[in-house]
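Shared chain: chain A. Partners: chain B in the first complex, chain C in the second.
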Partner chain A sequence: MSTVDPGLRAALSQRRGVSALRAAAGWGHWLFVLPFLAVYIVLLVVPVFRGFWLSLNEIDLLSNESEFVGLTNYLNLWHDEIFRRAILNTLYFVVLSTPAFVALGLALALALNRPGKTGAALRAIFFGSSVLSVTIVTLIWRLVLMPDRGLLANVMRSIGLSPIAPLLSENLALPSVALVTVWWIIGLPMMLFLAALQQVPQEVYEAAAMDNAGRWRTFTAITLPAIKRTVALVTIIEVILQFQIFGQVQLMTNGGPNNASRPIVQFIYEAGFRQWALGYSAAAAQVLFGLMLIGVAVQAWVARRREAN
Partner chain B sequence: MRWDAKNAIHIMNRKRMAQSSLAPGKGLEPPPKETAVQGIEWTQVSKRFGAVEVIPDFSLTIAPGEFVVLLGPSGCGKSTLLRMLAGLEPVSSGSIRLGGREVTHLAPGQRDVAMVFQQYALYPHMSVRENMSFGLRNVQVPSAEIERRVAHAAQMLELDALLERRPAQLSGGQRQRVAIGRAVVKEPAAFLFDEPLSNLDATLRARTRVELARLHKRLGATMVFVTHDQIEAMTLASRIAVMNRGRIEQVAAPMEIYRRPATRFVAGFVGSPAMNFLPVARLADIGGRVRVRLPGGAELSTGVPVIAVPAGTELSLGVRPEALQPAPDGELNGRAEVIERLGERTLAHVLLEDGALVVAEAHRDSEIAAGDAVKLRLDIGHLHLFDAAGKAYHAAQ
Partner chain C sequence: MATPGKQLGDRLILGSVIVLALLWTAPLIWVFALSFKPNAFLMQHTDVLFSPPFTFKNYRDILGTSAVFQWVVNSCIVALGQTFLTLLLASLAGYGFARTEFPGKRWAFAFVLAGLAVPEQAIVIPLHRMFAEWDLHNTYSALILPKLAAPFGVFLMTQYFKAIPKDIEEAALLDNASRWKIFLRVILPLSIPAQATLGIFTFLSAWNDYLWPLISASKPEMYTLTLGLAATQSNFAQSEGIGYLMSQAVFAGLPIFILYLFFQKYIVMAVAGTTVR
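Coming up: the complex of A and B.
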């Protein structure tokens, strides 16, 4: 009966062994990915869909009842003047802070991209502020910007100017918060740019010097193209981060004066956890999500187009 | 096509003579016509990095159109010298003149030199064409002229088909050709090469070497080439400057360096396999030639004139492998340790009776086998003596 060649049988069983081993190895791979995947799904994917679902409902937290209302929350947001102001404030803040992060971060990196103790010390100092918590940073700056008794007021008085109170001014509140934010976390873009600059081989700069390229020409024709990916990275990181501005505003101006510095996240927070309008708050969060997505997509598109050219 | 190239080079040379430099403006004037030396002149140049003096006092003159190779081991200061000539490294003291012009403190771009780097140093985001024309655009050379020079250099270096590619899309050899092309389009007074072949594989290195030699012949330009590879030096140079610890050991034509090394360092550094050195005792002279006793006890007249060698100096005998051959009546006795058969010759690593290891060379496929007892005969016409300070004395020619 058994006419199968024993060698063939051995080969078959070996092959079965190999495929079983492969399958086991496949499962092994999954095991490594699983912890991340579980956290990612539970803490990110599910909330995104849950958030979207919430935004289509009117929810009463006290009675724990909810009613499907369709796009009503979005329509209400459209007519909500404070929300519209919050969107404009947020966009204004992103436009103020992101270019500052890119330009200043790059300028600092270029200035400090040198060996030696002074450079290392200055790098540490500029990065140092990034480790402070938002409460400390805003406390320091509130002392600086405090009307009448703050450092700024004193300095202005000492040089014969009448002191201003930026945090109480509708025009200056948001730029002041932007200034504080840049001061606080300029270290990260600087470090990213430094890392990118150190990847550019010294020989290329020497070749440029031999090719009669001046400083500005070297910067625009050699340095910038060499670090353009990092410029895109820093821009995208900062756009995403600054769209979510909250802590500094909450602690420095509380959205005032007259909603002049209220960003979207603060609006979401107040709608959700002050007025308990969870559905409304979730709808605002979806709008923010959409805005960020558009912002980053435009960024990526521009970067890719530039690269193609 | 050959006529075209020659004609173009002739035009290039005429243009160079007319305008002398492609770097315009900023106090850059044509070199004064009356200056004696139009090539390159290092005069008492020194270089210190902090407390370390890497080049104590260097002087060398290179004639226009010469191909000079600075040859030496790593860290001997040869690259630093080239970089000082290029303007990439400041000079601690002394002066450098180029084409009759003082350039010691000029910026790199204003010196009218072009450099080919070891790692190519191409601009990664620019096409081959842009890489080659970048330097010309920076000094506002008219576009038509840029176009002409790039086309000519591309044709000469067989880069025509690659002009729109980026460096990442090129092989190592092609990249090196682009780097050379970038130098050629500038039509500089001197080409500087900083170990340009060391990143290429052996076959490509040999081919690029020949291409460089042809390029020198076609352009007739002054070239300074830094390398630690003696084969590159021997094959390319009109003159070799052998360097050691920041000093020149010898400057001479390649075969002069090989046949009559000035010092023991040069003798040991140039030649592969390296020269053998044997400690010898000086005996009473006979017939005006220095006589020595070899390690095995054999006595030998070296062919080195007695008057050249001061009395009382401790001597060692230098003999190249090809002047040390297995022979039944040889003066040295030993045992073959390793045999290397290279086809046209056989190298025998022989352990002498006194424990010294020497390399001897036999023609073609010798029958010697590892473990054989061998006698080695010295070719008296090709022996060198070195005193304790390393100074060389050669057999009379």
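Coming up: the complex of A and C.
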């Protein structure tokens, strides 16, 4: 209201001091939000509850009958060696990839926060791969990491090493997928950090330059405190994104070798759509949902505590 | 102003980033160059990039299999349909939440925001059952509809509409224009930047979506390009055709990459803009 000119304000206050926008309130305005709400309820809210209900049932696909089994699916998951491995693999993957996204994304943003064509070209290179689909990225990297004839094997031979096949190694499969994932979407954290760096007022840097502060000192004393909200935001976004890892693993290692790289989402997919154990799969999905909520809550708590200090 | 030591440090940093960028692009260049080699040649050598023999046979083979064109068409229909409908629903709801008053508004908005916390994987199994009950699998509707329920677009548009000054609207209201007319004639044209941001986001994520199409589309003629490429990778082991696989990666990746170079400015704004508030 403060921006309305005096004449208009006078006209508006004639209507018992209520703004024209408020005066026009009514049930009719539900019509604006109703189309989305209908889609949202049918295709998101209902599935959330149906998913939860499914997880308490066992479904026989032939007769399409479901039987209420309580927490049996969850108990079975608890005792399922492969599922426990999948949880550990997912956590391992998040721990491998998230710090890399934050550190490398920030480093690239700091180095490329410069005007001119070189900076623009380099930014375009590091962001460009993000627009490719997961299937293109995995196709390229399966070729690169191919035993004997891949690019990696070529390079290793040319520097006198014997070539390795990382995707066939239990220890290297998941780290390789993490590396490919970083290659794929490092552009997102880089861009978020770049946007944050642009918001830091230039004067503080000039003051630091006057004080002859070194590069590291300027970074820790000025830049980092100024963008700490973005650091927290990027960390949360990456934890959420990387928890959902699926396509890269399914296409590059198919969870192998020996379940060493099978994450939770692949477990859900295989239980649900390969073995058609729908209740079991839905229970696994609820566990993933819960883990992600916990992860985000912990992140938010840590960020708030740090801000309070 | 800058001391010689500082300049040297700047050059060192830039130099190492350039080296990293070369490493970053090496896989792309390698795949691109080898996609023009005969498959028989690739059985022996995958380290000869820029000297003969060259061939276009791999690309001719792609064009020969008509399925790829169907996949491209499917991807276009799904991505454009999803983008258009998302913009429509999100703009309407965003305007309703940002600028109109109705009983229960706060409650409804909180209800929608809660949906941001729901990951796709938590609902794909019930969604699959629902679309099976409706007999909709292997249709464009099945590929388009589920993503329309994501609340992100509504959230984005609400934030944007809230930032548009109210004066314009209040003046129009005094002229007795209806809310629908104001929405169409005044507010919608002002929101083009936000529409572009949300549109680009929706298009890219629809084009690259993998999990839901994998579950819903079981007939190859209903595959999207992203899904189709996954299907052709499954016979990766018969690696006498790696030139063919490489040309597929280029064929599928290059158009979207060129599109990216064209719209780079807007894509970057879209990515950066969503967090700077």
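Definition applied: the second predicted complex is superposed on the first by the 277 of 309 C-alpha atoms of A that agree within 3 Å, B and C clash if a C-alpha of one lies under 4 Å from a C-alpha of the other, contacts with A are read in each partner's own complex, and residues count from 1 in each chain.
Rule of thumb we're sticking to: a residue touches a chain if its C-beta (ideal position, glycine included) is under 8 Å from a C-beta of that chain, and two chains touch if they have at least 3 such contacts.
Predicted model only: the values in this text are computed from it and were never measured.
With both structures placed on the common chain, the touch criterion links A:Ala226 to chain B but leaves chain C unconnected.
Of the two partner chains, neither chain B nor chain C is touched by A:Leu91.
By the touch criterion defined above, A:Pro201 reaches chain B but does not reach chain C. Within the superposed three-chain model, A:Ile236 lies out of touch with both chain B and chain C [touch as defined at top].
Using the contact criterion defined above for the overlaid structures, shared-chain residue A:Leu168 touches neither chain B nor chain C, since it reaches no partner. When the two complexes are overlaid on their common chain A, residue A:Leu43 makes contact with chain C while staying clear of chain B.
Contacts of A:Leu291 after superposition: neither chain B nor chain C is touched.
When the two structures are aligned on the shared chain, A:Leu179 is found in touch with neither chain B nor chain C. By the document's definition of touching, of the two partners only chain C reaches A:Leu151; chain B does not.
Annotation for chain A, partner touching more residues between chain B and chain C: C. Residues 209 of chain A lie in contact with chain B in one complex and with chain C in the other. Against chain A, in their complex, chain C makes its touches with residues 1, 6, 9, 13-14, 17-18, 21, 24-28, 30-31, 42, 46-47, 88-90, 92-93, 95-97, 99-103, 108, 112, 115, 117-130, 145-146, 148-151, 154, 165-167, 169-171, 173-174, 179, 183, 204, 207-208, 210-211, 214-215, 225-227, 229-230, 233, 236, 239, 242, 245-246, 248-249, 252-253, 256-257, 259-261, 264, 267-268, 271-273, 275-276. Considering their complex, residues 1, 3-5, 8, 11-12, 19-22, 24-33, 35-37, 39-40, 42-48, 50-51, 54, 108, 111-112, 118, 122-129, 131-136, 138-144, 146, 149-151, 154, 158, 183, 187-188, 191-192, 194-196, 199, 209, 215, 230, 233, 240, 243-244, 246-247, 251, 264-265, 268-269, 272-273, 278, 281-282, 285-286, 288-289, 292-293, 296 of chain A touch chain C. Against chain B, in their complex, chain A makes its touches with residues 201, 203-204, 206-214, 217, 221-222, 225-226.
Taken in their complex, chain B has these residues touching chain A: 23, 86-88, 107-110, 113-115, 117-119, 121-125, 134-135, 138-139, 182.
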